[in-house]
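Take this structure, written in structure tokens, and hold onto it; I'll ask about it next.
Chain naming follows the written order as A, B, C and D, and within any one chain the residues start at number 1.
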Amino acid sequence: MTNYKYRNMKLAILGSGFIGRFYADSLVAQRRKDEITMVYSRTEVNAEKFAKDYNIPNFSSDMIACIEHDDVDVVIIALSNDMHLEAVLACAKAGKHVLCTKPLGRNAKEALQMLQAVEDANIVGGYLEDLCYTPKFLKSLASIQAGNIGEVIWTKSREAHPGPHSDWFWNKEKSGGGVLLDLGCHCIEISRNFIGKNCKPVEVMCWGDTRVHPIEAEDNAVGLVKYENGAIGQFEVSWTFRGGMDLRDEVMGTEGTIWLNNFLRTGFEMFTSGKTGTYVAEKAEHNSGWLFPVGDEAHELGYSHMFTDMFDAIEKQSQPSENFYDGYVVNAIMDAAYLSMHSKQWEPINIEQWRGEMEGVREKKWQDYDENHYLIKEEILPNGIKKSIIKNKKTGSIEKR
Amino acid sequence: MTNYKYRNMKLAILGSGFIGRFYADSLVAQRRKDEITMVYSRTEVNAEKFAKDYNIPNFSSDMIACIEHDDVDVVIIALSNDMHLEAVLACAKAGKHVLCTKPLGRNAKEALQMLQAVEDANIVGGYLEDLCYTPKFLKSLASIQAGNIGEVIWTKSREAHPGPHSDWFWNKEKSGGGVLLDLGCHCIEISRNFIGKNCKPVEVMCWGDTRVHPIEAEDNAVGLVKYENGAIGQFEVSWTFRGGMDLRDEVMGTEGTIWLNNFLRTGFEMFTSGKTGTYVAEKAEHNSGWLFPVGDEAHELGYSHMFTDMFDAIEKQSQPSENFYDGYVVNAIMDAAYLSMHSKQWEPINIEQWRGEMEGVREKKWQDYDENHYLIKEEILPNGIKKSIIKNKKTGSIEKR
Amino acid sequence: MTNYKYRNMKLAILGSGFIGRFYADSLVAQRRKDEITMVYSRTEVNAEKFAKDYNIPNFSSDMIACIEHDDVDVVIIALSNDMHLEAVLACAKAGKHVLCTKPLGRNAKEALQMLQAVEDANIVGGYLEDLCYTPKFLKSLASIQAGNIGEVIWTKSREAHPGPHSDWFWNKEKSGGGVLLDLGCHCIEISRNFIGKNCKPVEVMCWGDTRVHPIEAEDNAVGLVKYENGAIGQFEVSWTFRGGMDLRDEVMGTEGTIWLNNFLRTGFEMFTSGKTGTYVAEKAEHNSGWLFPVGDEAHELGYSHMFTDMFDAIEKQSQPSENFYDGYVVNAIMDAAYLSMHSKQWEPINIEQWRGEMEGVREKKWQDYDENHYLIKEEILPNGIKKSIIKNKKTGSIEKR
Amino acid sequence: MTNYKYRNMKLAILGSGFIGRFYADSLVAQRRKDEITMVYSRTEVNAEKFAKDYNIPNFSSDMIACIEHDDVDVVIIALSNDMHLEAVLACAKAGKHVLCTKPLGRNAKEALQMLQAVEDANIVGGYLEDLCYTPKFLKSLASIQAGNIGEVIWTKSREAHPGPHSDWFWNKEKSGGGVLLDLGCHCIEISRNFIGKNCKPVEVMCWGDTRVHPIEAEDNAVGLVKYENGAIGQFEVSWTFRGGMDLRDEVMGTEGTIWLNNFLRTGFEMFTSGKTGTYVAEKAEHNSGWLFPVGDEAHELGYSHMFTDMFDAIEKQSQPSENFYDGYVVNAIMDAAYLSMHSKQWEPINIEQWRGEMEGVREKKWQDYDENHYLIKEEILPNGIKKSIIKNKKTGSIEKR
């Protein structure tokens, strides 16, 4: 690997659509030292427009030429899902570090090929899972890892909005699936971080249905991922939500609770009669009444910290927190979820190369009240007296003290 | 039936525990005209104490005598779950109207016996499902029924706290189950109301586990109830939540969204250093730092409107909104949920006497874009241009306009 | 006084407008035992309509006849401000208890006449200050009185909406003033309760202006009331607020903080596209987008607990928490506020019959750090070390320890 | 001026205390291209420690040497208030661009000297008013400037916490005042932006008192700044608030409302029993119970966007949005506020070099109902009927239609 210390990253963006622009916006903000030097789009005219908008010196409609360009250190894939594998293989061949948008593959088979390609080529494969880099997520994760909420026993991640912007998302062949693949990948990886990446996801139960949009794929899904230590990672995703973009996470631990709201309720509330002004809210469905803008969207959605971690990792010749292996695990969980959606039962998760710990089944540890009893619950009554509910270890009988 | 018009209800409360006191508090508040004339407790001393506290003229440790007392029109059952059936049968025998706390039975078999008993005796059987009477719930329900959020496609009801106050709850024999039975009954009936009581619940998938407390029954559970029209009623319940009592409901409709928070975030926020004063918060786990009290708990939890509906129904010789039939349906759903918890697959719900509509499977109606296309999604881009994503009815191809 | 124990109150309502209906709604809710037996309106047709709507046996357009009617124990005044004095004097003459809507008078002179009239007649004069009876207010007040937030040093009460419903409010002759009189009376009494009714309000500074509506009186006002112990009661009122009804209170104590939101953010959130349904929100300015309904408005606004306290007081032959003396004090504060609005300086508050304590100026008590120093501030630094900022009692120099 | 285009800024930080570290944290985050090349502290050991912590090549305890160092383009002043003037004069002499923390001076006289110095030296004088650069503030301001809430008639900015970290703040000689100077400067400039910098602040009314801490200066203050167009900018500041750091802004316009919460309620909620883990919350007063962390504090507090604007302005040879002229205006307003605190009346604001527009007194424009009437208020009644309250232009009488 080249030593990048003390120099800037030179970046190529593949794709000039909605997500490509979001990435570019983040990369030119706040006087970052890294530069976008190249952009690829299927059509020359779109590539040129994008290059002009972001003051990028080079553009092309030839993806391979773009990847191999001398002035490119790192390739950022912002293409439709069906193009990820091809683009990653080309990066591996060219020996260029590659950062790929989510989900990594349309399925685990594709993802595994990508993982093996970057590992064989000895390049960094960064998984652009932005929602695992939001400022709130990072602080929560640090707090959980410091033990502040005890053992995590249940997490929930919810992402819901009225449906994606780009047409290819609605085409199952190109996208690989519906809302589960598009939004569920975020939720699954969020929960997996909170529960602990060392803990193996073992099985999944998932419901999905097509309720509102005339498409083949599911537009609503809810599921539970069970981990080896008994923890549950719940996900709720929808392309039919009304009211904006709903991005919430919750964690229940034995000693605490975390609630995050990343979008609709972040301390910014605005009412407008709509009679004056020119307000067009992002992803909002209406322009008057009570609106809930987000201050700095790209930052709040994790893009700033995500790219910082990616480029820092490349400089340090290490792996970013979210990398192709994580992308592969998420795809494996989603494959099982799709099976469950049809089999209507819990389905095992098949991960070929498990790299976490093998915890095995853990013995349950109950809290002692005294030598002969477990403590079930203790509370202070309104009159100040402490009441304990206990269980006899031998007889199993429940008593009050 | 006696004509109660123009006179007060004379009430007996069976049970002098936590829930009995909550009921009594509600019944003596705001200068209500109905009077508690009798209280029963297993022990004479508890009955006497309760009678004294609420200024009740009669008390007894003989349940049958209490029910049959001349000065009693309506019996309110606030006993442990294993006592409901016996008490209801005695009320039916005595021809006294009966209001029973939730869940109605420990299982559908018990509930069905109770339902048949009150119907045979031609008395009112009120199901004391208070959370289907909270002011927020009632207004939400009216709004949904007026069509304001379109067709309901998904609802979620969540109830979580650190565990019940009374010891019998922790004993599976007496309670009939764990947190699913104790709290899930609320959540299931809330969702059932939002989706529509005419719509048949057909199958259920449920996860439950014992994670924290040394008990036989589950202390955490999550499940999905599927209705005949495709709607999903999700429930999340926990006896291991940290931070107080979490009572939230959500509804997603095709034209709108409803979010309710009944307890921890209701517009009342308080910080105290804990150095002065005597604050003891109800169900809170701590007495300093940020606390979130509820103004008038019994009212916010639905007790006021619940008893009003019950007594008004008796006066009008009709049925309250929540009655024994509803209690039976909820028990039937929970029976299937317990099966699913162990079989790890969706389980059919067995309702012997379905009284709602028989909708059958409904044909899906997609929205037309034009003669040859369905509309998938329409949005206004930041530049003001309208973008439509459509689907060719014949070829199924997805296009952008 | 008659002994009302064991019997219901028989009530006359004077006025059939918006506030009269709000009172009646509250009085017929939740099976209260007290009955409205009579209604007065200026026009026979309005009186009859009101009587029919609420199932009231008698109605009249003769106010005196209404007050003197045999079947009336208590008179509730829901008239425009210019009619309060005349109605109260008639009640006093008839020896009927009287409950008067807020503000008591158009000024302190009128209020004092009313206070003297009820005291001379030995009847109860209840001041219908509903916002000092909201469930959140009552619990907050109890908590403050229990010492949980230490000494109250600053309170703020804010009431703002787009303007009143009835035309007479906009006529300064009839109402006696603008938004300060209409809404400020609530805010002033809320703060006065929190600071302590025994503590004398001494001076007031107030800004007011007519910014939006073409009226003589002020449509916006902000003011500070200073109390003898140094505490400040701040009020903010507006008839030009956009977004619904904003009802918030805040209290800062030496050991804690209280924040109340009574209307726009109470845990009830709803989005509707507006394409279906018939939603008409109360006092909201729009029918689509995000809406924030209140569950049981009359209850949340304090009407239930207010009338309970009033009738309980009459039964017990005592005074309700909010009575004519309180109404008089509030009028005296508002008189000074109007003076300040024009003199542009702090104005003394002239209360003829101060019935609270005479505290005098209190000596300040600083917290000792040691014999020679006061403690200014103590904090735990991120590295765990305790840092103290102290002041030398003799030299006054500030030091760090 | 040198042309900085295409090169990084080389920065010196004067001061190694709390605020200096906050600035440095922001400047090294997210791979910014600008570099800190020098740090000054009064003591060599502190300067060295700071340099080591942030990997800064040079450090010094000689302020002048530090400013004049060849490898320094821009000087950032993070010193106590009494040192600002001296440091700015040295920068001006050395011809180095200077960014100064808030407040600019201890009073307007000092601020004016600094303004004149940078203008005479033809260097950029950036005013580090971070709260006018928070992401929420920037989006709000853009929305207001686009007309979305109509004309701004009232704004409020509130900043409250338990008191500053550094000892010199508590020393009136060094700081120049109390909480009004420390926190009021933020609030005043926030409101001034919302109302419009072209609009002249004309007079101010302020209350302040020393209620809790044993200091000379005020620890609580509330004030109103009146602008030429009639708008009011309200500020509330406290060094005695309990519960963390309260940072809220509100704006009332004729067509809308904005509410911002920058710290305590931003969609991040956490409960911890405190039994496990190592949580130490920033500026929080407790480590257990419900806590409200902020995701990325420095970013949310505006530091990222502030420094970006400052360096971009230097590159473009223009002025940043917040510059020394703004700092001077804020000092002039605070001088008048201190006068008012003692005179107990509105005091005129004396700005020697007003650079905004001279609006003069504007005529009020009322909304017409028809030729002969103004419209006071229009509303849709629950029965769907539109009710208008109007005023006769000639007679002034109020009518209902």
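We adopt the following convention: a contact is a pair of C-beta atoms (placed from the backbone, for glycine too) under 8 Å apart; a residue touches a chain by one contact, two chains touch by 3 or more.
This structure is a prediction, so every number in the text was calculated from the model and none was measured.
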Copy pair subunit B, subunit C: interface residue numbering same or different (half cut) | same
Farthest chain relative to subunit B (centres taken as mean CA coordinates) | D
Looking only at C-beta pairs in contact, point me to the busier pair out of A-B and B-D.
-> A-B
Rounded Å distance between subunit B and subunit D, as computed from the means of their C-alpha atoms = 50
Centre-to-centre distance between subunit B and subunit A (centres being mean Cα positions), rounded to whole Å = 35
Expected list for subunit D, residues touching two or more other chains, is 149, 242-243, 255-257, 271-273
Pick one for the touching-chains graph, please: line, ring, star, complete, other.
-> complete
Residue ranges of subunit A touching subunit D (in the complex, touch as defined) | 8, 29-34, 134-136, 138-140, 143, 146-150, 255-262, 265-273, 275-279, 293-296, 299-300, 304-305, 307-308, 311-312
For the complex, which residues does subunit B have touching subunit D?
-> 242-244, 271-273, 285-286, 288-292
List of subunit D residues in touch with subunit C within their complex | 149, 153-154, 156, 160, 162-163, 165, 167-168, 170-171, 205, 207, 209-216, 220, 222, 224, 226, 230, 232, 234, 236, 238, 240-243, 252-257, 280, 282, 344-346, 364, 366-367, 374-377, 379-380, 382, 384, 387, 389, 391, 396-400
